[in-house]
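Just below sit the structures, each encoded as structure tokens.
Shared between the two complexes below is chain A, which pairs with chain B and chain C, respectively.
Up next is the complex of A and B:
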């Protein structure tokens, strides 16, 4: 069963085709990595899947509904980590968690503690004052605590130091391994995708250049070399 | 769910609405402070007999006029401050990622804001005459028996003007909110909101078929053949001069349906506009 299906999905901003005729099928339990350089359209595709953007043309189905954002009940089954910072800066981290928890019948406090780190997380600090590392941990906790079936992660490791990045990936891998949920992860870090994804889509200029299992896509090359080959060929 | 949304509104905007309450009540609070601390400020009220009460107390009805005119600027700025983070900081998407409809979120936000504005208007318009009369009674020369009826009539006129002032203030609040939802830069939204309120206020108080020059409520009761004037001359000892004792208001003018309907229609129009904008907001 496919949790996500898109057909010729296109989103245009002015003259820019941010996502251009993207056709995707993501079966349940898959970890799909969206790999592409900056401006490839990864974030736009994720926002379209989350329902934060409306498609200019094409069709989109997430968890059987036309678009997540249009059906609020779907947010019980989706966790989304955005690249931008838009959690309300005036809330403390603890208030942010309490506010979100109040909307969900299912809320795993133990998981939240595990993600936030038991002792060192400044729960009483305003969100606007959190470091990038703490902010991302909070985002991940908010996105995962209600045990969603589908997790959308937009460059979750960008801006993190190597230790923070390593810890975060470990955490995500553990969560995916435990629950077998479906994940769409965007990144321009090849090693992140290689470590987490079982399926990869290479994007450039809004188009999906290739889509398939990681081993099938990279063939005998490394994933990084394959990625560079696709992008260079496209840019030529 | 609604409780959490209400909590968010209260926690996020409590100081903004508190500022509105403070601004609305500033004239009477400043007057009370001045009279309490500056002997010179008390000169015009030297002999606070019942006759003087009847001369000065109707001036507190001017609070309603201020709320529906000059203070519309404060109302609109609070609306910009309340609605700006939703659009400019994209904070609305945090709520949109919860299993709650955009319409329910906006309705809660609008109702909370409109209630705050309405309550602030009610309180300010009634508090001004009540506080002034309490001060006059405390002087010991005015008596409840001598001027109580006048106070009751003034309070009745104030209560009647609340309806009009609330409609105008809530309409200005929602109009400014709609502007801040449409314009992402806060300073541009603030300038547009000021422009809107100035034009809106000017239209309300101009002689026109919709609002009838804002004469729905009688801010200052008048009697034909009687002239009445108020002059303020700082910093002389007689800084406040009232030329005549106001006639005691004994009845109210006929209720005008059109201005009330026009105010209500504007509120519905601006709310619908906001719902339309929120429904179409995208995280770009």
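Up next is the complex of A and C:
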């Protein structure tokens, strides 16, 4: 069963085709890695999947429903972590958690504590004053506490120190391993994708240049080399 | 991680190697998929795929609700692999000896000395 299906998915901003005719399928329980340089369209694609943007053309189906006009029940089955800061800066971390929890019937406080608690999280600090590491942790806790079936992560490891990155990957492994949830993860760190993804989509200029199993896509090369080859060929 | 070799195959090779070397014994339990995924920081689906492949090859087997174990046939198969490995080492030693100008008799004598040292000479 495919949890995500898109066909010729396109999103245009003015003259820019941020996502250009993207067709992909993500089977339930698998991890799709989006790999691409800055401006490749990874964030826009994730926003379209999350339902935060409407497509200009093409079709998109997430959890068996079209993304536009998604019912609240569907929102509750998705966890989305954006790259930019979007949580209200004037709330404290604790308020942010309480506020978000109030929208969900399912809320795993133990998991939230596990995600936040390990590092003496400054719960009374305003969101705007949180460090990158703490902010990411809060975002992840908010995105995962309701046990979503689909997790969408936009560059979650960028700006994290090695310990923070390792913790985050461990968390994700726990989620995939325990509940068999489906993940779409963007990163410019090839190693993250190689470690975490079942399939990889290499993106450039809004287009998906190749899509397939990580092993099949890279063949006997490193994934890094494969990625560079695709992008260079495209830019020539 | 090595380039160009799928991660799941690297796990398959590692497990087989450790069985062949006797570091993993028959009926010994392997870490759970989740645990190994955490230890290696890789997708649990990849570990599950490696375990499935090892199961197909008869190296490991699942016991319902108890986990994954090294099969006893694996030990036999791996002993054969190990014997092959040892013969190869012997061959290397013989080639080295010939290249150093040792005679067949000298090589044989060295070999018997070793057997005596470890109390293995029969008769």
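Throughout what follows, the second predicted complex is superposed on the first by the 231 of 236 C-alpha atoms of A that agree within 3 Å, B and C clash if a C-alpha of one lies under 4 Å from a C-alpha of the other, contacts with A are read in each partner's own complex, and residues count from 1 in each chain.
We adopt the following convention: contacts are C-beta pairs under 8 Å (C-beta built on N, C-alpha and C of every residue); 3 or more make two chains touch, one makes a residue touch a chain.
These figures come from a predicted structure and were not determined experimentally.
Considered on the superposed chain A, chain B and chain C are sterically compatible, since they fit side by side. By the document's definition of touching, of the two partners only chain C reaches A:170; chain B does not. Judged by the touch definition given at the top, the superposed model places A:221 against chain C, while chain B stays out of reach. Contacts of A:100 after superposition: chain B is touched, whereas chain C is not reached. When the two structures are aligned on the shared chain, A:207 is found in touch with neither chain B nor chain C.
In the superposed model, A:52 makes contact with chain B only, not with chain C. In the superposed model, A:80 lies in contact with chain B only, and not with chain C.
In the superposition on chain A, A:72 contacts chain B only, with no contact to chain C. When both complexes are overlaid on chain A, the residue A:234 reaches neither chain B nor chain C. Annotation: apex chain A, arms to chain B and chain C, angle 160° (C-alpha centres, rounded to a multiple of 10).
Of all Cα pairs spanning chain B and chain C in the superposition, the closest are 27 Å apart.
Of all residues in chain A, only 13, 47, 50, 52-54, 69, 72-76, 80, 82, 84, 86-91, 95, 99-100, 102-104 touch chain B in the complex they form.
Across the interface of their complex, chain A is touched by residues 1, 3-4, 6-8, 33-34, 37-38, 41-46 of chain C.
Contact residues on chain B toward chain A in their complex (touch as defined above): 1, 3-4, 7-8, 11-12, 85, 89-91, 93-94, 96-102, 282-284. Per the touch definition, chain A reaches chain C in the complex via residues 29-31, 166, 169-170, 173-174, 176-178, 191, 194-198, 214-215, 218-222, 225.
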